[in-house]
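The structure appears below as structure tokens.
Chains: A, B and C, in written order; residue numbering restarts at 1 for each.
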Amino acid sequence: MSWDWNVVEDFMPRFWDGVLVTLQALVMGSLIAFTLGLFWALAQRSRRRWVSWTVSGVTEFIRSTPLLVQLFFLFYVVPEWGPSMSPLTTGIIGLGLHYSTYTAEVYRAGIDGVPTGQWEAATALSLPTAHTWRAVILPQAIRRVVPALGNYVVAMLKDSPMIAVIGAFEMLGEAQAYSNETFTTEAITVIGIAFILIAYPASLLTRALERRLVR
Amino acid sequence: MMTSGMFTNWFLPGIWVTIQVTVLSAALGAFIAFTIGYLRTSRLWIVRFLSGAYVEIFRGTSALVLMFWMFFALPLLGWQLLPMWAGVSALGLTYGAYGSEIVRGALAAVAPAQREAGIALSFTPMQRFRRIELPQAWPEMIPPFNNLLIELLKGTALVSVITVADMTFAGNLVRLGENKSAPIYSLLLVLYFIMAFAITRGMRVVERHARAGVGQAPPKKGLFSSRKAPVDNLTPADAASTGGTE
Amino acid sequence: MSVENTPSTAAQEAANPAVDGSELIRFENVTKRYGSNVVLDSLCFDVASGKHVTLIGPSGSGKTTILRLLMTLVKPDEGTIKVAGEYLSHEERNGKLVPAGERHSREVRKKIGMVFQQFNLFPNMKVLRNITEAPVHVLGLSKDEAEQRARELLELVGLTDHLDKYPSQLSGGQQQRVAIARALAMRPQVLLLDEVTSALDPELVAGVLDVLRDIAHSTDITMLCVTHEMNFARDISDDVLMFDAGHVIESGSPEKIFSDPEHERTREFLSAVL
């Protein structure tokens, strides 16, 4: 196996371009996943049956089907009757939507994990429902779910290369294009190592968070 | 909606390829999960270290990156893999690493007193694993394995990127050929959903048998189990239950 | 039966004629520490073949550690343990005494059976298989032989009707009787009993003790038990050893220990539990 550092050096500018796209997708995707997931979780607790059932069905469907196909759907089907979006925007929405169905489960477990005594205490103090949610239940639930949400950010990072298939050139897309042009392997290897270098400390961080925040 | 030629020549075989890739990589993944999961309980630190390193590396990288590397980089190093095998290996190696955490967690959840009872009856370590620890841990593994299997099914769509003609690949061909994308991608999503549903029902049956076989009550009913993506930090408590995330 | 709790000297050795080869268990200067906490302090004692010996004493005095040492669940820091003339904790290799390997301890341990406080039946196996599993796979008995043996033992413990149930379907007292049958199915020379009734509801204790009394009186098996049931100890024991802080401070026949203890600590302990 021959390893050429010149190739690596030559690839580096495009590597950083890719990192930038990956980061954008990750940050924006996470924001969507965190907020939309909370919305799903609250809607699933709705007393109106048709709301909770519809939301459960839709999230289960999204969670059970491949992100890759969902990206194709968003990129090729949605513009037929809706807005046309850039590859990166499509990728961000795809990632955010897909992972919101996972974070919904996280929030749900976090809310269920708040002891019923807290609800009873709030009722005993005649706190309005909305205030109970905002001041009592959610602060306790969020604290429990932060590490699990962190895990999904790491998982999303590992899925982010998929947005390259619809033309958003993040790290892997740049590497593959570069390798095809130059008939070299270093770029893809660099990406593989980069993923481990990012994902491993990130998962250590979520583990540390887990120890700090849970109980 | 689409010409029958495209459909019978590409789409139906594509469904079959998706099933093949799922089954093959699940088999490879299961083998790795049990081997690595067992090795991580070894008494020798070097065995624990190496198996732990395997898990961190393959969970740290992305299945798609690994697949690309096997498909594009390995041949240039003089090691040509059929696309199908590059895909199956990448999926099996990655999901096997996640699965080994399930195995390890469920084994760790078996009461230590059971190990002591096994020692008191002079079983060898291997006999203890096979006859006492594994049978007790197995029913606990099934719900998280179900989740992982569905993640694997979703992951098989990635093989289309490295030119394996699975149903996602066929879907893209049909879109190019017919210039209509709504019906084909909708159909694809529904097909994946049906397969995921079939896996969940099947695993439910497996779980009922497994629990009955060790004298436990059958699992709770429900159309779906609540699911999680394979994430990095499966604690034993996580691995042993489907629901909680705390 | 002989007891020394200080490092033995030649003089004491000579004054101790019990060392005649009939002892089945022999602790020689065994020390066990957990961190800086010395649980057993250079302990020496023998149990002669066929005797029933009860260990009493406050919790934390090292009684359970003795059983765990015999089960090789923990290893001694110093000293040696022999069972039926063979080293349990060590093995001889090239004329030197080295800590025992897994294989060696397993062989010697086959002479020892143990009944646990929490029963520790295998929840994944029905009652019959709980009893036959080790005889078949460790001793190499045929399935028929092992089942024959299991049925006899279930009759002894009065549970012939339950052989097709899972442990979770039995009461605690029934589970503990199955656990006794499981230990006996290995035909051990020594039976270790670790507070076998303390996890049971009070009304279930008598049934288990009756079974053990029966075994004590009708077989020649050697028994070493840790218990808080003083009446039971008085009933089945040939000897009682009083432990305190890693030492045997007093030993003798149950009549003597329970009615006329010499040591102040023994008196305090007995007045607290009786």
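Here, contacts are C-beta pairs under 8 Å (C-beta built on N, C-alpha and C of every residue); 3 or more make two chains touch, one makes a residue touch a chain.
Just so we're clear, the structure is a prediction, and the values are computed from it rather than from any experiment.
Shared contact partners of chain B and chain C: not a single chain qualifies. Taking the mean of all protein C-alpha atoms as the reference point, the chain centroid lying nearest to it belongs to B.
Averaging Cα coordinates per chain places chain B and chain C 46 Å apart.
If each chain is reduced to the centroid of its CA atoms, chain A and chain B end up 20 Å from each other. Mean C-alpha positions place chain A and chain C at a centre distance of 57 Å.
The set of chain C residues touching two or more other chains is empty. Residue positions of chain A touching 2 or more other chains: none.
The touching residues of chain A, counted against chain B in their complex, run 1, 60-61, 63-70, 72-73, 76-77, 80, 99, 102, 105-106, 108-110, 113, 144-145, 147-148, 151-152, 154-155, 157-162, 165, 172, 175-176, 179-180, 183-185, 188-189, 191-192, 195-196, 199-200, 203, 206-207, 210, 214-215. Only residues 71-73, 102, 106, 109-110, 112-114, 116, 118, 120-126, 133-134, 137-138, 166-169, 182-183, 186 of chain C touch chain B when the two sit together in their complex.
Interface residues of chain B, counted against chain C in their complex, comprise 111, 113-114, 116-117, 119-125, 127, 131-132, 135-136, 213-216. Every residue of chain B that touches chain A in the complex is listed here, in rising order: 56-57, 59-66, 68-69, 72-73, 76-77, 150, 153-158, 160-161, 168, 171-172, 175, 181-182, 185-186, 188-189, 192-193, 196-197, 224, 226-233, 235, 243-246.
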